[in-house]
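Letters are used for the chains, namely A, B, C, D and E, taken in the order the chains are written, and counting of residues starts over at 1 for each.
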Amino acid sequence: MDRTATLTKKETSGHESQLGLDTKADRLTDHVKTGVVSQAKGSAYIEQSNTKVVCSVFDPREIPRKSGYSVNGELYCEFKFAPFSCIQWRSHQPDAFEKECSLILRRSLEPAVCRHEFPNFQVDVYALVLENDGSALAAAITCAALALADASVPMYDLVVAATLGVHGDKKFMDPTVEEESLCNILPPDGRSRNHGIITAAFSPAHQQMSEFAQSGAMDIDCATSSIQLLREACESIYLLSQQCLLKGVTKMLKKKQKEIKLDLSSDRIAC
Amino acid sequence: MAEILLSEAEKTFILHGVEEGFRCDGRMRLDYRPMEVETDVVSHASGSARLRLANTDILVGVKTEIDTPYPERPREGKIEFFVDCSANATPAFEGRGGEELGTEISNSLATAYQSSQTFDLTALCILPGQQCWKLYIDILILECGGNLFDAVSLAVKAALHNTRVPKVKGACLDGGTVDLQLSDDPYDCCRLDVSDAPCLVTLCKIGDHCVVDPTAEEETCSSGSVVIAITEKSLVTSVFKTGVGSFHPQTLIDILKVGQTIGLSVNKALRAALLEEEQQGRKKECFGFLK
Amino acid sequence: MATCYKSIHPVKYYRDFLAKGVRPDGRDMQKFRPVSINVDSIKTAEGSAIVKIGNTVVVCGIKAELAAPKAEEPNFGYLVPNVELPPLCSPRFCPGPPSDLAQVSSNFIAETLTSSGCVDLKDLCIAPEHLAWVLHCDLICLDHDGSLWDACVIALVAALRTVKLPHVSYDVEAETTVVSPEKRNKLQVHNTPVATTFAIFDDEILLTDPTNEEESLSSGVMTIVVQGGQLCSVHKPGGSPLTESQLQECINGAMKRAEYINKLVNMTLESLGT
Amino acid sequence: MTQNVHIRLASQRIDNTIVGTSEVPRLYTPGEIITCRSGFMRGHGTYMEEDALTASVAGVVEQVNKLISVRPIKNRYNGEIGDVVVGRITEVQQKRWKVDTNSRLDSVLLLSSVNLPGGELRRRGTEDEQMMRKYLQEGDLISAEVQKIYDDGSLSLYTRSLKYGKLCQGVLVKVFPSLVKRRKTHFHNLPCGASMILGNNGFIWICPTVSEDEENGLGGFTENLLEVVPRTDREVIARLRNCILALANCKMMLCDTSILYAFEESQKYEVLELLRPEPMLDVCVLTQQRLYMQEDE
Amino acid sequence: MVIREHTAPGFNRPAENFGNHVISQKTMNEFYTIIDIRHNVTLQHPVALLRSDFEFCFDAVCVQRDTAVVTAVFGPAEVKPQRILIDKASVEALYRPKTGLPRVHDKMRETLIRNTCSTALLVTLHPRTSISIIVQEMQDSGGLLACAVNAACLALINSGIAMKFLVAAVSCMIDHEDNILIDPNSKQLKGSKASLTFVFDSIKKNIMACHTTGRFTQLQYEESLLKCRNGSDKIFSFYREIVRKVHQEHDRMSPTCRT
């Protein structure tokens, strides 16, 4: 098992965010940051090694093309790769994989959102992968949950996600693109013929798995033991997410205070 | 999924029944409803099967075509799933209504068949890097009465079992073009080995328990389901969640274990049925759709 | 109280500010927002840049592909710019096919590219009639807060200047292509056009580098593309009429801006080189 | 844990038509001339073409004095005033509910046609209008009587009697409306320990028997969600459900007697087994025989 | 699509006329008027035509040299709930190319026509309605954008919807010898270094809209602007002329004669 790979990735988090979406370098926030899109109600940006994902959430709007009364609000999720984010250039039309990821994104977030608080309304969640260096879907789920929280959408808990790659006896936490493609092929004859990729979304406060998506082929023991691993990985990301949110809130409070002062002066101009 | 309306009291009745281990139609939690399968129902297809599970009715046709393999997988053939949720099945599929469900099912099948440990795609290779067979698996949902994933996967496996790929007598590379000689005799063809093809088992969480083969009413009561793809060798080739609920990790582990045992018996039952049909010899009549 | 006033009567709110010669965000009429450029941060692209103008963020990624040139232009490669305005960047856009604005923006960027001639399409040809580069220049707006085209042009040019194409040799006889990814050549970028957007408020007040709010409240916008002392495009798609002197004022403003932006782009690219 | 997986082959399919002793009636198809003689009145499912009375639907001819009509084989529920129906609320509107009763159009239940908690003769205020979803919400099941048929064929229902109202825990079975025999009463407390409402619209409701005095206290709008139906009741309900479906599958008429006979004949099978075709057919054949015997007597 | 059904007969007739680029002098009755905005007046067949067929549809065909455009204006009419504006009419332009589906540069033309027309119209007079301008390209021999804007303006005049002012579009080009040519044809455009299109209002002759391609100096830009502005006078006077003629025609045809 390759837990060290994860650790080294976390440790390299000291350097400045590559996209420069964040101007101030900080150990925690240059990997996760909320409030990056000014026009959105809530937004978040996440960088996991080279994987970069932006996510934004908008105000609830009426569910289009729906006549009946729906007791629970709906989440509309869209997961998209930027045309230049992968090794091959991607067309603008969403392909089957992106559609499936959108579905997984929705399934991961839905259990955590208090949907009964906005009946008949729909909240739009958009995730865009700017660069894919593996585990993009998990990054998008974590990012989307942060964006939802940033948009003050009522939630039971944050959602964090992690990806585990399995290839023979090796397990890769948050695999890179190369590791992902390795996990998609059958390992050569050996002790274990297990292979595949598992993405899991987890809400630590209630200990609930909101999504568990596995592909490849593995025996049941491998699948069940992965659950524990993914859960641990999610717990560590959870801390990061929480801290990031806290930081966002304190920042906003400070800004608010400043604004109140400014507001007074602008009132003077306006009046 | 086409949601049906239920009153709170009906939901409670179903919920308590599941807790009690005695469902509305008299089944235990892990019982399937009787299924009926028939292969070779579409004469023009290379392979076909029709499966009926209570009110769910699935027709699968397999078509073979010659294609060039993916450059990164030169020794493998191709397989493609397409699910057509016809508006006949339920009015909810009208227009674009069934499209989302259709892609969800076809994507889940593609994932379940992805690993080379499931369905051996190398058998579909004709000339490595040059030509291979491509299987188009068209799934038609004729009627929708719940538990689509399970029914579709069984029907697909039966159709693949029934599929006959023409024998290639000779293939040679002539410059850049490939020359293929197919056997003229329509009965001279290869069968596919489907022993490792997975079956999907949906475990539907109602209250604190899981049931298999939920009726449409039970699906409405459920907070979420886990779909597990299991092969005869008890390999898990795909797991995903449907519905809005979430699971405690321990519950998930239990579900996976239960799913595995059920998957094995479903695989066994299908295999037995297909064998029995084969022993009856080449059928003279096709029973088809008349009930 | 000010926020209430603003939401009830935004135009009047703006008018009050502008009467005092200041914009609600604290700028005066001719002031630009801070610009920051970040290049070559996306490893999967052959060239990339991220440009921030105030809140507006545009990412440009350039992917190269090989293709046969068009029969009527055998010596030319392809440059395919596309502006994407995903629903992510603003509540104005819905999921689905590209919005009108996205299409108009793509057209504007494509016209600017050809007008300025900053990339010679002949440079993209490897073997005439047989093989040429296709450069997909995808511009994605991550945050739409006005002056979108300014950010797009800067991002595009900066990204183009970071493009390094692998060396490709083509054997006409055997029709074989050999790509050597370790030997990379810089793409020739002949000049750097710079776009500047102005908004016309209440038919007469010119606002430089408008925000999204200012654009939507204004009675017209105009974008001027300047390149090396010459005009590359003067695009005013309708809206309030402008007098000649106002136009001149804008052109002068755009000229000055271009110098500054050029310096900034050069500086960023130099820092990359070291 | 037990698990049952049964996969049958199509070749094992059984024929589930039960040929009764009574003659199969003459069926008419659309366009077929019923009679050329004059002096008849044109009823439902027929039209006049050049003095000939012609069928417009496929079905059986029915004659009441001079009125000739064709009753279609398969039909949605055609309501008649006084019918007992079971329906499901589909929409809550201003002052009325829309109810799915298996008719062509959704039926209507007016706020003024229901008993509200706290006294029968109470004025319905705006408060009640706002509380409508509290009384009956989307998905709820009700038993009701057809009060009126509107011009467009949609039905107006009412529940202003203590026997009608909201239905609690139980199972709904849907069959063709034409299979439900019209009887004096459609509410049955079966001796086997369950209650049944045979809706004329083909919706059949099976629930545990509620003692008389308890029922009176319900007032039609409370539902006890905490109460757990005991296992024995469940088994009876499930068996009844499967028996009804078996009878409907063999196109046998449904009434309390036939259902009760089927219930008794099915005792040799497990409830679960009644989902399979062979036991289903067996039960139907035995029921049919008992019905003839009873007729002969 | 009610709109398409309505416009079909209106579009078909002129299409037959212009298909072979010949408009005989015979058909050039009072409805057809001649316009030439170049300095050296040589009459080829620059023609514009006005007709009105339907109650709510007002057609105009604008032909400048060989470039031909048909426009129709609908409205003020019912508006879709998504597009509704509470304080003014929602102006919509639809540009349809000669063949195929609209491309990105057609969208640019569409936006320019829409913005120009909505500024020229008194949109606040018709709140909660929609005014749609449909522009069908028939033939492009240079100066298409200018022709389309002029056609749209003619159609608006004909529609009788209240306007603040008229608009006139003039195109010009700069050749490799730095000469400025007004209203160039497609042959001339092939040898151009830059091409510019200006739209002016009728009151102050200020710049309503501007679209350019190619590179040019500021001086060249100003010079082109001046020349085009002078050219715009001809178009404005032509507008007046055509309105006068139509008016006469109306007077001639008594209401009883009209079908």
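By our rule, a contact is a pair of C-beta atoms (placed from the backbone, for glycine too) under 8 Å apart; a residue touches a chain by one contact, two chains touch by 3 or more.
Owing to the predicted nature of the structure, the values given are computational and were not obtained by experimental measurement.
> Chains in contact with chain A and with chain E: which ones?
Both chain A and chain E are touched by C, going by the contact rule given at the top.
> In the absence of chain D, which chains stay connected to one another through touching?
one piece
> Averaging the CA atoms per chain, pick out the one whose centre lands closest to the mean of every protein CA shown.
The chain sitting closest to the overall C-alpha centre is A.
> Which one of the chains is farthest from chain E, going by Cα centres?
For chain E, the chain whose C-alpha mean is farthest off is D.
> Please report how many Å separate the Cα centroid of chain B from that of chain C, as a whole number.
49
> Using mean CA coordinates as chain centres, what's the gap between chain B and chain E in Å?
Measuring from centre to centre gives 60 Å for this pair.
> So, what's the distance in Å between the C-alpha centres of chain D and chain B?
Spacing between the chain centres: roughly 35 Å.
> Once you find the CA centre of chain A and the CA centre of chain B, what distance in Å lies between them?
The answer is 31 Å.
> Name the residues of chain C that each touch 2 or more other chains.
Counting only residues that touch two or more other chains, chain C contributes none.
> Counting only residues that touch at least two other chains, what does the list for chain D look like?
Correct list: 138.
> Can you list every residue of chain A that touches 2 or more other chains, as numbers and ranges?
Touching at least two other chains: none.
> Could you please specify the touching residues of chain B with respect to chain A in the complex?
Residue list for chain B touching chain A: 103-104, 106-107, 110-111, 114-118, 224, 226, 231, 234-249, 252-253, 256-257, 260.
> Chain B touches which residues of chain A in the complex?
For chain A paired with chain B, touching residues are 96, 99-100, 103-104, 107, 110-112, 184-186, 193, 195-196, 198, 202-203, 206-220, 222-224, 227-228, 231.
> What residues of chain E sit close enough to touch chain C in their complex?
104-105, 107-108, 110-119, 194, 196, 199-201, 204, 206-218, 221-222, 225
> Name, in rising order, each residue of chain A that touches chain C in their complex.
Contacts found on chain A: 18-21, 23, 36-40, 50, 52, 54-56, 58-59, 76, 78, 80, 82-87, 89, 92, 124, 126-128, 130-133, 263, 266-267, 269-270.
> Could you list, by residue number, the parts of chain D that touch chain B in their complex?
Against chain B, chain D makes touches at 1-11, 13, 88-90, 138-141, 166-172, 223, 225, 228-229, 231, 234-235, 237-239, 241-242, 270-272, 274-277.
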